[in-house]
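Before anything else, here's the structure in question.
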Amino acid sequence: MMTGEAYLKSLDDGRATYFEGRKIENILDDKILRESAELIAEGYDRLYQPGEDAQSPLMDIPRDAEGLKARLPIMTAADIVANTTNQSIMTLMTAAGRMGHELPVYAKRIDAWVKDATKRDIRITECITDGKGDRSLSPGKQPDPDAYTRVVERRPDGVVIRGAKLHITGASLGHETMVIPTKAMKPGEEDYAIACAIPVNAPGVKIVNTSYAPRHEDDRVFPVSRQNHMPEGFVIFDDVFVPEERIFLNGETKYAAIFAHSLGLWERLGGLTFMSNEADELVGFAQLIAEANGLAKVAHVREKISEMIIHATLIRGALEAAIANCEIGDNGAAFPSELYINAGKYQAAAQYNMMCRHLHDISGGSVLTAPAIADLENNEVGPLVRKYMTANPEVDGETRMKLFHAIRDLTADAMGGWRYVTNLQAGGGLYAQRIVTRKHYDMERAKRMALHAARMLPENEAAE
Amino acid sequence: MMTGEAYLKSLDDGRATYFEGRKIENILDDKILRESAELIAEGYDRLYQPGEDAQSPLMDIPRDAEGLKARLPIMTAADIVANTTNQSIMTLMTAAGRMGHELPVYAKRIDAWVKDATKRDIRITECITDGKGDRSLSPGKQPDPDAYTRVVERRPDGVVIRGAKLHITGASLGHETMVIPTKAMKPGEEDYAIACAIPVNAPGVKIVNTSYAPRHEDDRVFPVSRQNHMPEGFVIFDDVFVPEERIFLNGETKYAAIFAHSLGLWERLGGLTFMSNEADELVGFAQLIAEANGLAKVAHVREKISEMIIHATLIRGALEAAIANCEIGDNGAAFPSELYINAGKYQAAAQYNMMCRHLHDISGGSVLTAPAIADLENNEVGPLVRKYMTANPEVDGETRMKLFHAIRDLTADAMGGWRYVTNLQAGGGLYAQRIVTRKHYDMERAKRMALHAARMLPENEAAE
Amino acid sequence: MMTGEAYLKSLDDGRATYFEGRKIENILDDKILRESAELIAEGYDRLYQPGEDAQSPLMDIPRDAEGLKARLPIMTAADIVANTTNQSIMTLMTAAGRMGHELPVYAKRIDAWVKDATKRDIRITECITDGKGDRSLSPGKQPDPDAYTRVVERRPDGVVIRGAKLHITGASLGHETMVIPTKAMKPGEEDYAIACAIPVNAPGVKIVNTSYAPRHEDDRVFPVSRQNHMPEGFVIFDDVFVPEERIFLNGETKYAAIFAHSLGLWERLGGLTFMSNEADELVGFAQLIAEANGLAKVAHVREKISEMIIHATLIRGALEAAIANCEIGDNGAAFPSELYINAGKYQAAAQYNMMCRHLHDISGGSVLTAPAIADLENNEVGPLVRKYMTANPEVDGETRMKLFHAIRDLTADAMGGWRYVTNLQAGGGLYAQRIVTRKHYDMERAKRMALHAARMLPENEAAE
Amino acid sequence: MMTGEAYLKSLDDGRATYFEGRKIENILDDKILRESAELIAEGYDRLYQPGEDAQSPLMDIPRDAEGLKARLPIMTAADIVANTTNQSIMTLMTAAGRMGHELPVYAKRIDAWVKDATKRDIRITECITDGKGDRSLSPGKQPDPDAYTRVVERRPDGVVIRGAKLHITGASLGHETMVIPTKAMKPGEEDYAIACAIPVNAPGVKIVNTSYAPRHEDDRVFPVSRQNHMPEGFVIFDDVFVPEERIFLNGETKYAAIFAHSLGLWERLGGLTFMSNEADELVGFAQLIAEANGLAKVAHVREKISEMIIHATLIRGALEAAIANCEIGDNGAAFPSELYINAGKYQAAAQYNMMCRHLHDISGGSVLTAPAIADLENNEVGPLVRKYMTANPEVDGETRMKLFHAIRDLTADAMGGWRYVTNLQAGGGLYAQRIVTRKHYDMERAKRMALHAARMLPENEAAE
């Protein structure tokens, strides 16, 4: 297995990374990208076990409900690129299981590649969302044929692909990227039915980064995001060659959607787990700041916190139900229930803004206007700031300020905005989750239940 | 065990039942009350097993998550008084378990009474909610001291009680009623800390009934409620004597709330189970009427049904989570998680109106204006009604009419109104569920998670 | 002008009315229909003024914002058929104004017919919504060509029409009905582009009624609906001849939608006015029952009432804005702003369930289970019921019971169901109101404002 | 009147301003504060008129509905400190009108000070919200008596005050600050009943600033906030002397709340005006980005935009209703209706998150991950970024990127977070607006309407 230090060294491999107009020759030279890389390095060190046979738990496959549940705290504690690595592995294994009978060659390549990736203990990112061009047109009908990633040349030993993948978390900081079609493809769109694994430093891969990392000289007022940011990559495949053994789908349009569906399941499981924890965190902040403000016993404040608790409990209930109702696939792997995962993810995303609204309502304007830690250190105003920032005398003014900083950082500043949008968009927007939930709901049973209630079923036919 | 026929005979026992101003000498003489009684009689026949040792499954106690889950379809299929019987047994056993150490005499009486009730295979109703008088005053401070049920006389062999219990489903149709304090009592309110079992025909018990049963001469336009209604009893204890062996609490204010809390858990489990099924039914109706209207593929209709599905799935998820996370009590009985039960019940109640709104929005005005079955039978207009009530040609006009009748009956007529209110109020209103959810939520953990996120925990202290 | 008595006599004109399977030979012979007719008769008496030149205010046309505003309390006080009469007049005058230039012959006929209707002081109902058949198909493509009302025969002196119009409030109790296309028609659908006025007793008109009127023997527990119900008519045109002078559109598909659009405006103005008053009423009930329960000062109860107040104020604000921003048409008539009317109506409909939920939450279960007035009169239980129905000692138990009866009647019984659905559906469902609001919103201005905010407008171009 | 240049010079007056730990000797030396100052300077230049008698329109007082309405676009175009100046003038004039009869000396001082401020054409900020200490205790019972601003010393010619005022927009950039009690005061809290005007450079005034201004080296990805930010001041009165002629209330607790109530009205009028425009802007962005994405015709996207339109229309309707129903005070000034203003402000604040959620849902993840303008300028990736950022071919990729930047800046970054919180908190949180709306609602009328509907009013008493 790899150590954090080895990981950091491994990044100097000629990858083409760009950030705010500049080409970044070595990631460790850029303050912001380096901070993100160090986060991943810490993740390596946390999981590291010595020995030839040691294997990262990120590569394990759960076999039952207990296994699924046991994995949640591991993934919660891990960094986001560790999560995408795990999701990629799970996605490929799921896809291999689903198409193995008809397309055994791909299943074998996946298996070999996963084994190798496990051995190398690499980090993998997920390249799925294409540029997509005009949303009202399918891939094959775009004015720009590259709007969806496609094969532009077929060679004896592989293919050349072209396109762009958007919103790729940590793309510049992984070792390889799993490239899969963003959606189902139709006959005639064979060139778009391409799945493969590509090293980040492969010639032609160019990654443009954005980051919500704070830019303040003194970033102590960003207690969360200063230590916890990961760039999003705009990944361009500018005619990249992919050798045969790394190609996992190549033209079989019928199977194009399998990868995205598999990924969606694991991405949404990850998302729901994250959002369940986040919801509990927001409840905790609401209670802490209510106490710090001296408002913890006020009726309308309690009501708001109770609503937050109910929300947090409902989405965790959906997560629990998804695990309790998991299914075991052909290959013995346990899959959480797609029905509950999607309904939970939908609710979590749709109501996230309510959570923040209540938190802001309880906190008050000091979320925005609490002075900085540096102001506390200024002799002329520091003592006065501390004095006047004290509310409930049992909570020190500085503690209260730090709570405000954390709440602002998490919900009312750059990282907060990033969360608003990613909570909605990760794993597809609200509309996508409605569709997927519906797809997995047993509508025929619901119709029978209605007909039974209406006494419109034949006597001898039970509703269930 | 008792048969339906034996049950119907058992009702002629001198009970004092009133309905819309009249005293009902024999329940079977009143059309509406008789219909309700027959519903219970059918329930008896469905569960009946011959033999001395046969025992109703209503009296069984689940021992684990599987046992809890297996019980749900039984209770779903049973009538509401079978449900209150089961809930009463569970409530008393739970309370006995909780107070058995300190007050063993009550635990023994409960045990003996439950055994006897099981043997006699009786139906039990739940007398909990008091008249309550002025809501801003506690029981001991009411202008009318009878506003909460209380002991007005103590005799060597028992007590005399006075008061009224409201919203007692099926009170006139059970054999006995479980009387318990509606809330916690404080020192000084000993007379109000009274729990006991009282036969419905005990002298001084007077029950005034209300019913949403349809009153139309031709009630075929009420396909659900004509076969499925149960009166609500306003139960007056006009100085009723209760012998010692039927008294389960008598003055120990500290324990007064145990009964209501226990009942609340089982009532809300029943409520959430019912509302989960109801939600699926409403989804089924929405889909059926969308199809009958020819609207099943219209985008905004699909969106609404998807939202209904997500709601139905979320509350079923809470039910599943409550069972998967059940606790085993001292006496070996399995209790569903109060946290998930309450959050689920809250959501189900709070969003029930949304479900009906979507259903009405999809259905259209014919929910109200679909002619009657009798109109179909009228030669002059029947064929025309059938013709013009046909929308999607694959669904017969009469079928569509019946769907409208059922939807109106369930959601937009007397029974519909009953459901709106009982879904909210059963097991306490929204406010009560917020409080109970909060009580069972692990707030300390949430606060630690927040402090961890804010980097405000000491380094070596993990969030979890 | 007509008196109430004259109106009642006028109903015995051979009209073909059906109710729950029976043909009603004389409307005054049926208890329920007679009650509705008497409501209209009272409306006649209230507006009656003697003299040849007297003219009903229902036929007046407002000329400015003040005129529009002055009309609101008149329409609020009037019965619903007086309202449909007024709306019909306004609709026809609006349509005449809009198509007068190109189709003067129809404008003249409308004018003549309105003058005559005014002189006769008749009541007019609105036949708009067709059977509609399969919602996914347009009128011309239905399997049953009669799914939308159409001309089946053209004669030298008029046309013969066939079809059915649904949800026609008071259809059996007006004198004439205004028949208009339910929606826009396309070239090829000329037979469906028919608007006209038809006497209710014209040969071939058959009306099947439904009613939410209470059927209890003692209907005093329905304090609102026992005095205030109006049947909904399922109006069948079984080949009805319409003479030329009563035809207001005949084949000009381009103008088919004008009538429905005009009606929609006035119907939604009426709807929003009604719902504004209804919202204030519900606030009043919430406050009264909170006081009667002794809950008026409890924080969460006050919060709920405050939310209800805000809702009531917002929709009244939309009504006020619609009037303050009225437009004056070619013919000098004042039209309320369609933008504000529709947004207000949407909000009122979408949030109506929230209003009822809050009211039920505050009221408690006695909304359903409060005994009847007749129970109060029973010597054995009457005094006990009164005693135990008293909560806040300053409000008599009987008064509290009557409040419960009224709340149940209005929001949780047959009339309540009728309101749930009609508030949503009248003037089109939520979807329709979204479309109409959008149509009247100044999107170009909004886009300019966005570009201005984004600094993407040329320097010299202001947002407004 | 003052020019922008004169204004900028006027800031070098010895004021004690702090920012992120540093004392700022001259505001124009700090990049961020200077940018804010230049915004105000531009505002001066825009309003400047030469001549002795010229008077800023910010100091005008509207006399009727037209006057109120005419003022809205002026205030919309003005910077925020121009707005607080106007609100301060209106607040003081309103308060003078309300207390003039009983306390004429204060009314006269206000009048004189306003005249002088008008003549000097200064900018005024609003110091209202105190530190407030423990929210569960009143001012007189705080552990720290300075938690609310108070008089600590009375001298023959004035008073000395101590305390802190929070969330004071632009405090460091105005000339004077209007200091008023944050809430009602009770007898015994005379020292807290202090209102006055204080120059920003008065000895003892210390202002600690926070700002959401972007800190990126290249701030072109913040197209809104880079040009439009204003610091929030934490204003400390460290024993500041106030001469008699600047004291507007001094110990008369009965009148303490008048100032805050007056300010609340004008602040919420400003807030509602701002939020109405903001809502239209968000609709515009939603439509523009839907078009740029090629999604403008997709059903669920249209639905979401329609909901946004309805929201924008409802709150503008409340604003229109507030103006149409304005009242004229004793002094001839027109006041918008508090009822409509507050209900509108509540809705705007409560639903703001829904607006952003819809906008983010329609936009997609590129709100976060759209590369920077600088990336476009990079030769290696610029052309590829432009290519792949193009969706609907009719909208250039760069235009689409700029829309994403603007949406992120406005709703999902530092300024976005500032808006989330200030929209909720400005003029008091949601709870405060509920209380104020309730206070101005005619509850007695609503109760009469309910009793009328329930037929519980005496016959001869009408509801209205």
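Going in written order, the chains are labelled A, B, C and D, and every chain counts its residues from 1.
Quick note on the criterion: contacts are C-beta pairs under 8 Å (C-beta built on N, C-alpha and C of every residue); 3 or more make two chains touch, one makes a residue touch a chain.
Everything numeric here is computed off the predicted structure, so don't read it as measured data.
Student: Using C-alpha centroids, which chain lies at the maximum separation from chain A?
Tutor: C
Student: Count the touching C-beta pairs: is C-D or B-D ahead?
Tutor: C-D
Student: Express in whole angstrom the distance between the two chain centres, defined as the mean CA positions of chain A and chain D.
Tutor: Each chain's C-alpha centroid was found; their separation is 37 Å.
Student: Centroid of chain C to centroid of chain D, CA atoms only: how many Å?
Tutor: Measuring from centre to centre gives 42 Å for this pair.
Student: Calculate how many whole Å lie between the centre of chain B and the centre of chain D, each centre taken as the average of the chain's C-alpha atoms.
Tutor: The computed centroid separation for chain B versus chain D comes out at 50 Å.
Student: What are the residues of chain D that contact at least two other chains?
Tutor: 300, 303
Student: Give every residue of chain D touching chain A within the complex, in rising order.
Tutor: Against chain A, the touching part of chain D is residues 16, 18, 20-23, 129, 131-137, 143-144, 146-147, 163-164, 166-167, 206, 208, 210, 212, 214-218, 232, 234, 236, 238, 293-295, 297-298, 300, 350, 353-354, 356-357, 360-361, 363-375, 377-378, 380-381, 384-385, 387-393, 408, 411-414, 416-418, 420-422, 424-425, 429-431.
Student: Write out the stretch or stretches of chain D touching chain B in their complex.
Tutor: Its residues touching chain B are 299-300, 303.
Student: Taking the complex as given, what residues does chain C use to touch chain D?
Tutor: So the residues of chain C in touch with chain D come to 73, 223-224, 227, 277, 280-285, 287-288, 302-303, 305-307, 309-310, 312-314, 316-318, 320-325, 339-340, 343-344, 346-347, 399, 402-403, 405-406, 410, 433-435, 437-438, 441, 443, 445-451, 453-456, 464.
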